[in-house]
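This is the structure I want to talk about, given as structure tokens.
Naming follows writing order (A, B, C and D), and every chain is counted from residue 1.
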């Protein structure tokens, strides 16, 4: 059981990293959203598995939230937004996909080194989980900095949050405050982002941040 | 009445000045505010000066000290008055008395009294506090406070772009100075924060660090005193302030800087090393020469005076450098001589420079002009001011029998003792210093012939000058007071030297021989070496001039006829034909300007047959400004422009920055453990 | 219920929360402004009561020597800012920049913000602390965007994105701390209780703590505004309502700093962990020098002072990074003085912007002539913030520089250069703003000068005289911080 | 030596310089004329000129201030005091300790300072030219002089002229390089300070080339007499200075009997004669230089003086 538990958790966590890399690979917005939804599904599975292994039923709630919000509601909303706003279908990249992938691999390696070196004393599961979570966080951040349009940046951010949830659930016995707050933050984040996107659209015809960035408060 | 310890009395004076300043905020615009503020400042300064002089004369071995529960919490605000402090306090408060007296009259013409009155007593309080401070925090607090108050005074006439620039340069240089001093004190205090002067004296500074402390002390006090190349603010800021404040800044505040330097080096830093003298002498001599050369090239009367201040500061630092050299080699008597010369010159300069600035202020009031090219003929219109300004000019030109000569004579005597120094560096350096000192003195005389001659003599060059009237009696009284003191200090230098003896004793550990014997002549070492008697010289000059006058008037002729001036048979009544300040300086500019200012003269002659006038263009460069400050300003600007792009990045790029830092730190962690 | 509402800390939290709820329903802006100020005043009283009666740390709330300094400072500036806000916001309503509905929202948010900040300071649970800071961020985001101009929205958006990322990083750091604590403290809520953590600090896994600190430093450091994580700060200060700028600069930055300090304590108590000092010192120096240079080309007066906040946060981080009783004392003092001074400057600047109808530096001249009170307040504020006597910042800068130079001369040189660069810039700007011939429009202002006078009075007093109890307190905390 | 003796010697010294100085001027003029194969004015012409001038009414320009009228007296007095303190025929001057060599130089500086002011007082361009050039010459000559003083003082160990002369009289001085440098430098300075060819021409009538004469162009009557007298005194002073330091033989030591003093006077007169001859010959041989060449001329003196001083500094430890 111990072995199996570890292997399954390891598998899910690893999958999350893989999906994060896949996110980086996408060059179409709709595909990107789909992959993100898939990541949310994997995350939900992972969290559910943790709930089962740790015998922590409240984690099922987290899994459910992840599944419903991130895998269904948000992707659907984003799809509609793309259609309604007539946003470019391409993911506009600041750095080409190839180098981004390479950088992503480097980040995964870095997080492995950092974490594995750090927690020699901790148990395997936590260690591996943490390493993968860190990878997902860094990859999400990488996505935010290498993609130009707002939708992909938002997805990058949410992917980052996925990593956080992975880490939080992996930390056995973490007080539930944290899960709630994570979910809460994701929710609020999304709502506020939505509000802002709405307002931004009100004034500019695009959610591309570029249009906003041209106006930076100070004249150059 | 219970006798207050001097330090307490002095602190009460400081407090009183602060209160006056605060009160002036409320009443600044009233007509009578001037009387109240300057009157009170005058009284308080006089009291403080008296206490200081009394302390100087009594010269108790232990200073009078007090710790107030203010300032830095765990050490409190330490104040102490010893003889060194008492001397400088006396100099400062004497200047303050004169300036307040002058302000009573001069202030009538002030267009923005509410911008002067609150800061004037506060400025005085700041200077007093610097001298009284006995811990690093209080010292720097007062130091910067003084700078700030004087900055506010410089900004009095803020509508003038020039003045704003002056204020800006001043406050930045003042901050530089404070920070440098802060570093110096930080080193002396050590990591445990022994910020009191007593603690610094007690545990001393490691010899390796002494050089660093000296460097920062030179930087810090030099920037306030006006050492080249830290002087750039001085000729801008001193003239910008109202004239009595200019007098305080030039005549008095620079002395506070000198005090700081003496306090740090001789008192706190521990045993003096001979090599300290090298940077000090170099800085001093460059300052003196460049200062006076610049003064010679100025058209603005007050600016010329400000540059002349730089020169005198240079002279004082030269004397201090000599004192280092002697002290470091154990030549006690010579060190005492050099130190006496420095302190004597401190006193002298404060007297005549205040006097001259008052004179310039009187001219400014009477004519509204600071440009010498627009003045002239004032001697006939403002005879009293003219005479007093002349006395100041003679004194600052180091001519006997006035006081400037006495102190410079002592300096030259000190230089003559320096061949006995063992170090080769000094053997080669000091003669050169002496030569430059002599050059600077001679140039100073030329400078004041020019300043006085162009401004007061000749025919008026503008309507403003020809309509000028004598200034009010209070202003003249202030000037007369200083002029009399100049004469007294020049004629009776022996008394001054003896009064300085306890200070010199405290600083160098020995003193000059008692001077007030044998006809009051001053004898630095031995009568066979050299001696000078100001009183006798004065007496001789006066009596022989009287004899000559008497003889000629009685035996020959005393008839006098007024006639037009000789015009070479080419009548042109215009005062424009007179020599101007620029043309007066032209020979000297030809001789020295090419080197010191890269001066170039260009003559544009119209072709033959063309009736248009020929033109002479003179270009001069302030090399210090161009080679030190402009590059710094350019560098700061370039960096500011370059970094400013960071204000205009996209959010994505900002995130990249965060991301970059994160990855960097992770890499550090990965490679660290 | 989190805590007994009769205790000081309970009241500090309860009053703003209740007021916020009330304010949503009050449409009369005069009344709500007054209620806002009154509530802030009550909170201040409650904070002061902490001095008298201290309660033992609970699982969620904690009052110790470190945070009490922050709390009192926070509630005080929160109060004065609310007084200032009352006179400021009326003008905004008159000129139509804000609607009544927005005002209602504004006041409620103001109290929520105060609540969030107090909660973060009082939290004994690092998770709770995180939540509170998150809440504070979100409220300020909305406040910054309240004018709904292009610039305001952009500033809020930038703040939101950067803030969220920072918050996410901080959360990861928090999780890591829990991970480090779990083997020692055991599973469950105890692993996040700060008092428990600090007790077991030496037993925690040092490598994990290091990693956690990196994330926490970057996460909360973003909120502190340390360069290069500062990007949100200038725009958020410049575009939001001025009372919020004052609160941001004077309080929120401190709250984040408090969080960083907490974790620094944790790391310092662990012998195996890296010394957090060098990290703080480096970021502090970078912030100081960077902000110093940025000051030169500022054209917006509020943005300029926002950069000055970055500069001072740099100095404070530097001081805490240097450590030692002197530097820590200086850091605490500097933080206090900076809060008071900077918020007073923002009060002044707010009225100046209203008087001149502009925030552009180039269009404001000769204030000491046209508006003597505002002009001289600005001069005093800049002089104080530039670290000149007789104000308190001078004392802290004195201690930082001198103690640094004696210990690490090479670090003091860039420090001094940074200070000088900043002074040069500030003075350059103030010469243009306060002096010269006044130009442009010039309205009379109905300003309440009381908050400014109170702040400057305190800063002046601190520069001259620090009361011994306060000193003892600071020294105690300084020792606590190593 | 009693006080009476001292005072009488001091007074006779003062009278002597007063009496001899016009004669020296006359002598130089006469000798120069003879060297140019002209007859020249009589030897005593300067006395007559002075008396004539003093008797005339003084004409003062309308724009002149009161300073203009008192400056001649100041100039005369300071020069006279300076001259009275340089040992001419005896070293034991009663008041020689009241001003050393530096003070004497400074006294001459005072005279020049006021004279330059006088040049500017009337407000004509000629006075300005004169003052400005005089100021330039002075700024170069004065440091050179101070350097010479340094050299002498370092050799003799004193700046008191009497002591310097006494030291020079004593054996064991020998020939010294620095002394030679000082001598040449002193001669150059003396030429410049007295406005002699090649620096200035006391006999010129072309305003643009004048220095000293341009300054005093506006003076007439008794004022001019005093100024002319001061110039003569100054020439005598420099001659006496050179004589006292470099050829001190014949100076009556302090406390010497009367006849030694009388011999001293005679020897001094002889020295003056020789100096006058040398000056006349030198001036006849050389042409006046351009004003801005003067800087180089005096710069040479300054360098010589400086080298002399430096040598003294360096050789002290050898």
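Brief remarks follow.
In this text, a residue touches a chain if its C-beta (ideal position, glycine included) is under 8 Å from a C-beta of that chain, and two chains touch if they have at least 3 such contacts.
Just so it is clear, the model here is predicted, and its values are computed rather than measured.
In summary, the chains found to touch both subunit A and subunit C are B.
Farthest from subunit B, judged by the mean position of CA atoms in each chain, is A. The interface with the largest number of contacting C-beta pairs joins chains B-D. Here the spacing of subunit A and subunit B, counted between their Cα centres, is 69 Å. In terms of their C-alpha centroids, the spacing between subunit B and subunit C amounts to 44 Å. For the pair subunit A and subunit D, the distance between C-alpha centroids works out to 99 Å. Distance from the subunit C centre to the subunit D centre is 78 Å, each centre being the mean of its Cα atoms. Those residues of subunit B in touch with two or more other chains are numbered 647, 651, 655, 658, 662, 666, 669, 673. Contact of a single residue of subunit C with at least two other chains is seen at positions 157, 161, 165, 169, 207, 210-211.
In subunit A, the residues touching two or more other chains are 114, 117-118, 141, 144, 153, 213, 216, 218.
Going by the touch rule set out above, the chain pairs that meet are A-B, A-C, B-C, B-D. Across the complex, subunit B meets subunit C through its residues 69-74, 136-137, 140-142, 144-145, 147-148, 155, 158-159, 161, 164, 167-168, 171-172, 175-176, 179, 182-183, 185-187, 189-191, 193, 195, 212, 636-637, 639-641, 643-644, 646-647, 649, 651, 654-655, 657-658, 660-662, 665-666, 669, 672-673. Against subunit B, the residues of subunit C that register as touching in their complex are 157-158, 161-162, 165-166, 169, 207, 210-211, 214-215, 217-218, 222, 228-229, 231-232, 234, 274, 279, 290, 293-294, 296-297, 324, 326, 366, 368, 383, 386, 388-390, 394-395, 398-399, 401-407, 409, 412, 416, 419-421, 423-425, 427-428, 431-432, 435-437, 463-466, 468, 471, 475.
Residues 647-648, 650-653, 655-656, 658-659, 662-663, 666-667, 669-670, 673 of subunit B are the ones that touch subunit A when the two sit in their complex.
Within the complex, the subunit D residues that touch subunit B are 51, 54-67, 69, 73-74, 76-78, 80-81, 84, 95, 97-100, 102-103, 106-107, 109-110, 112-113, 116-117, 119-129, 131-133, 135-136, 138-143, 145-147, 150, 153-154, 157-160, 163, 207, 217-218, 221-222, 225-226, 291-292, 295, 302, 305-306, 309-310, 312-314, 316-317. Here subunit B touches subunit D in the complex through residues 376-377, 379-380, 383, 386, 390, 394, 397-400, 405, 409, 412-413, 415-416, 418-420, 422, 427-428, 430-432, 434-436, 438-439, 441-443, 445-446, 448-450, 452-454, 456-459, 519, 521, 527-533, 536-537, 540-542, 544-545, 548-549, 552, 555-568, 575, 577-579, 583-588, 590-591, going by the rule given at the top.
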